[in-house]
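Next up: some structures, all given as structure tokens.
Each of the next two complexes has subunit A plus one other chain: subunit B in the first, subunit C in the second.
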Partner chain A sequence: MEKRLIKKDALAGIAKKMADKFLVWAPVKKEDNVLFEPLQKNAEPNFAYLNSKNAPKNVFFPHTETMMKYTRTPKGMVFSTEENKAAESVLFGVRPCDAHSFVLLDKLFDQEKYKDGYYITKRQNTTVISLACVKPPYASCFCTSVDGEPVSSDGADILITDIGSDCLVEFITTKGEKLASYFGDAKADAAADAKKNEIAAKAKEAIKSKIPAHEIKPILDKNFDNPFWNTIYGKCLACGTCTYMCPTCHCFDISDEVKGSDGVRLRSWDSCMFPMFTKETSGHNPRTSQKERWRQRAMHKFKYYVDMFNCIACVGCGRCVMSCPVNLDIRKVVEDISKL
Partner chain B sequence: MQNPYIPYPVVVDKIITEVDTKDIKTFRFKFVNPEDEQKYAYIPGQFGELSIFGKGESPIGIASSPTQKGYVEFTVQKAGVVTTALHEMEEGTLMGIRGPLGNSWPLDFLAGKNIVIVGGGFAFTTLRSLINYMLFEDNRKRFGNITVIYGARNPGLLLYKDELVEWGKRTDINLNVTVDKGDATWKGREGFVPTVCKEVAPSKENAVAVICGPPIMIRFTLPVFFDLGFSKENIITSLEMRMKCGIGKCGRCNVGSKYVCKDGPVFSLAELDKLTPEY
Partner chain C sequence: MENIDTKLREEAKRLLLEKRVDVIVGYEQGTLPLTATPCFITTPEEADKLVWNNLCTQNLAKYVHDLIIAHKNSQKRVKPEDRKKKVIGVVARGCTTRSLIIHLQERQYDRDSVYIIGVPCDGYIDGKGLKVAVGGADISEGSLDGGQIKMKTSDGDKTVALKDVLADNCKTCRFNNPIISDVMIGQNAPAMNPDAEYNDVKEFEGKSIEERWAYFTKEMEKCIRCYACRQACPSCYCPTCFVEQSQPQWVGIGEDPSDTQVFQLMRLFHMVGRCVDCGSCISVCPMGVDLRKFLKKLDKDCFEFFGNRAGSNMEDMPPLGKYDEHHDKGDFVFNP
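Our next item is the complex of A and B:
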């Protein structure tokens, strides 16, 4: 597909122009963090960011969302279906690891049977523009170990790569191509392509943190009961931060809230790190301690998801590594498993 | 696109208190929109989410058989928030049901075989669905001998008492009802389910055992069937887990690479052996 060149400082202007017509999610500075938020008028997107504090999964899978509404009548509650619609949106400037996470989440939410309309509608109505990591931002980045690359178009409709003088804009999908008019008319030449490939190779080289993520699947197949699982969870506080920050974690709760005569049914993020997650009414809990919960997290990402969808449910963004209050490092866990 | 999270509106048509302790009731629902009954076409062994607005949802096995037209029934024990609210409901109340969810009893696998059904206590509900399905006149010839062994702690805790009497009159079903301990009026069999299974000693020839009950019953019943020569492929059961979505997304009932809600709740022992023991 077509490729174009734009000036490096043109990005913010393009995002703002798109915001006149679409709901544009862009990286915005909030106190000490950069977060993906709907771009407000007069707000300045920050494309010089490293990566957003939170994964942008909330664009398709909000922290809390209304599934349906209902009203109390003398005969009981009568419900009205929440119209499942999403504004035409652009997710502007996500990192390739996070764009990769959307491909992984699609496999769960957009299965042949039981399609999740809430997720799918937002996903279909959103154009994803990835902003390549020409300089991988953190020492904890390990995307290259989990099928990713710092300059990758996986999950993106448009990929933008800073090639020094200009930015190379590649339209990956027809959905991305529909936004071509926003990116000027300077066609990219073969030299720009060559430069990008050189930068991509260098960026890949720069990812120093490597884990044997693919090697551990056959080991996990056989080591559900290994005493190793007793050794990793001791310091885990069950705070759930890792799952909250994770771009691929997707477990959720469904709850009801009533105010006066009106109520809503909501879905909100939940976490396999919480004891209540699996606790049954009888009091029985299949995952009795943090050991089972941590094993679940590791197994789900590196074995169960592979069994189900033939891909690892980790994109190597390193958020869980950076955010864990007790430095429980998934990279170390994977490495230790590889030695079992 | 049908939204699987949105319940079908139903009205509580009939409430039957099943047991002396009054904490297990059967709820018969009728669809507010008659065309929804078609959409709710189910197979014995499937479950539904009972949806009470303002309280939440509870996954419960379907107790009626698809051969019973015009309504759908669930037998529910009063236990948590949702089931307590349900037990307080009156006939005529509006609520919702989602589903049908999960796989089902493997009817095609069961067809042409002798069926041994073993149930204990409250876990008899989806077995009742299966029995009524097989006994339905159009279906009966598709199955071989039907042997049922059903036990409860005492006579007052037996479910579906009227149906048990009706089944007992039939010649095309070998019904064995037992209680751990009888009372002054009990004239039937006394004894634990595993013991009765040993006494009845169903043949393994061309037979499948479908077993549901409390863990303690399962633990002592399985060795009886192994001794009778039943293979793990020919012993089928149904799991329970905490669930929310019911369609393999929310993550709660994930056991190994399966979701009990979507890939189960029905598994053979051979299949369970391949799962991680986390249920």
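Our next item is the complex of A and C:
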């Protein structure tokens, strides 16, 4: 597909121009964190960022969303499906690892058997623009161990790569091409392409943190009851930081909030790290301690997801590694499993 | 600190060899640069992992409570004569011992269930503050060298003074040395600067109601309800938190600002006379919510009204659990 060159300092202007017409999600500096948020009028997007604190999954799978509303009337219940409409949106400047997470989430929310309308509508109405990592932002990035690359168009409609002099803009899908008019008219030549490939190879090389993510699948298959699981969970606080920061964690809870005769059905994020996650109405909890919960987290990412969709549910962004309050490092857990 | 590490490891080995404790909760080196992480030592060989330095952030009293309660629960179905006692050794600085005192005052376990290995403390590094001090760059390597922190970052080499990046609660800590202990490793550390303890709160108190409410709502907007603050807090040990009760449901699970505010307000008010200013909730918060401002205000009120500093004295009664017939003569007590 088509490729163009733009000036390096043009990105913010393009994002702001798009914001006149679309809902643009972009990295915005808020106090000490960079967060993906809808770009407000007069707000400056920050494209010189390492990666955002929060994963951009909330664009398609928000922390809380209304599924339906209902009212009790003398004639019975009246249901109103919340109008499942998403504004035409652009997700501007996500890192390739996060764009990769959308491909993984699609496999779950948009599969043949089950179709999640809430997710799919937002996903279809959003154009994803990836901003390649020309050098890995963090020492703890490990995307190359989990089928990712720092310069990758996986999950993106448009890929932007800083090639030194300019930025190379590659339109990956027809959805991306529809936004081509925002990116000037300077066609990219073969030299720009070669430069990008060179940068991509270098960036890949620069990822030093590596984990045996693929190797542990057969080990996990056989070691559900291994005493190893007793050794990792002790310091886990059972908070939801890792799962809430994770771009691929997607478990949710559904609850009804009722006021008088009106009710709202909400879906919100949930976390396998919470004891309540598996607690049954009877009071029984099949996952009795943090051991079972941590085993579930490791198994879900590196075994169950592979069983179901033939891919690992981790993109190597390192958010859980950096944000875990007690430094329970999933890289070390995987490393240790590989030695079982 | 090298010397302290050696002494600490020797003491840990002795305690395990003599079977004085079943497990020692301490700190070991973390997997990221400039981090230490909680660890559980059960054999003398593992004791060599133990470290004690300015990177040890978490208040380990939380784990002491968790371990003892889990053990008690596991003994419930055992015949009384066959029940075993479990003793937890814990590496404890000033604020950790304050939390242990609160547990003891609140009758959570007996004094002989815990063996307190006291350590002197001159404050821990505030990880988020350190990140700000290096301009948000990624720290790929780092070392503590006397009063200096030397780092390799994505923006080149950087050096920061330790005293500039200590956590706010450490800078003005009043009790940086253990209040109670069974053994003390090393000499007491010099005092911090407790005179400045309430400077932030006083400034905040000077603002108008509107300004204070605006600050509260702004801070609460950052909260993502991961509950890391509650989970890290040694004083938050309710078996079921009110936010997780469903019959009746007190708080909605969604993102409505009032639900988040209710959760945080309730937690804050449950901390009166129980918050030891260990900073754990602040250090674990992924979104950087300023909880300390509000906790410190409650702490100041508790001291001014009741003369109580949480967990500072074994003999104190918990301020919210105390009734004094000579002083509590306010009308509201007798004619509510």
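Everything that follows uses one rule, which is that the second predicted complex is superposed on the first by the 332 of 340 C-alpha atoms of A that agree within 3 Å, B and C clash if a C-alpha of one lies under 4 Å from a C-alpha of the other, contacts with A are read in each partner's own complex, and residues count from 1 in each chain.
Operating definition for what follows: a contact is a pair of C-beta atoms (placed from the backbone, for glycine too) under 8 Å apart; a residue touches a chain by one contact, two chains touch by 3 or more.
All values reported here derive from a predicted model rather than from experimental measurement.
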Q. Should the superposition on subunit A be reported as showing a clash between subunit B and subunit C, or a fit?
A. fit
**Q.** Contacts of A:321 with subunit B and subunit C, given as first, second, both or neither
**A.** second
Q. Between subunit B (first) and subunit C (second), which, if any, makes contact with A:255: first, second, both or neither?
A. both
Q: Considering only touches as defined above, state whether A:114 meets subunit B (first), subunit C (second), both or neither.
A: first
Q: Based on the superposed arrangement, let me know which partner A:77 touches: subunit B (first), subunit C (second), both, or neither?
A: first
Q) Now for A:266: first (subunit B), second (subunit C), both, or neither, which partner does it touch? A) second
Q. Which partner does A:228 contact after superposing on A: first (subunit B), second (subunit C), both, neither?
A. neither
Q) Put subunit A at the vertex: what angle do the Cα centres of subunit B and subunit C make there, to the nearest 10 degrees? A) 90
Q.
Applying the document's definition of touch, where does A:50 land relative to subunit B and subunit C: first, second, both, or neither?
A. second
(Q) For the superposed arrangement, tell me the lowest C-alpha distance between subunit B and subunit C in Å. (A) 6
(Q) I'd like to check the shared interface: which positions of subunit A are touched by both subunit B and subunit C across the two complexes? (A) 253, 255
Q. Can you list the residues on subunit A that touch subunit B in the complex?
A. 67-68, 70, 72-73, 75-79, 81, 84, 108-109, 111, 114-118, 120, 224, 250-256, 258, 263, 265, 267, 270, 272, 277-282, 286-287, 292, 296, 299-300, 303-304, 307-308
Q) Within the complex, which stretch of subunit B touches subunit A? A) 1, 3-7, 9, 52-57, 79-80, 83, 89, 92-96, 240-242, 244-245, 247-252, 254-257, 262, 276, 278-279
Q) Once bound in the complex, which stretches of subunit C touch subunit A? A) 30-33, 35-40, 58, 62-63, 70, 128, 131-132, 136, 138-141, 154, 224-228, 230-232, 244, 249, 252-256, 283-284, 286-288
Q: Using the touch definition up top, name the residues of subunit A that touch subunit C in the complex.
A: 31-33, 50, 53-54, 62-64, 135, 137-140, 234-235, 237-241, 244-245, 253, 255, 257, 266, 268, 271, 274, 276, 289, 321-323, 325-329, 331-332
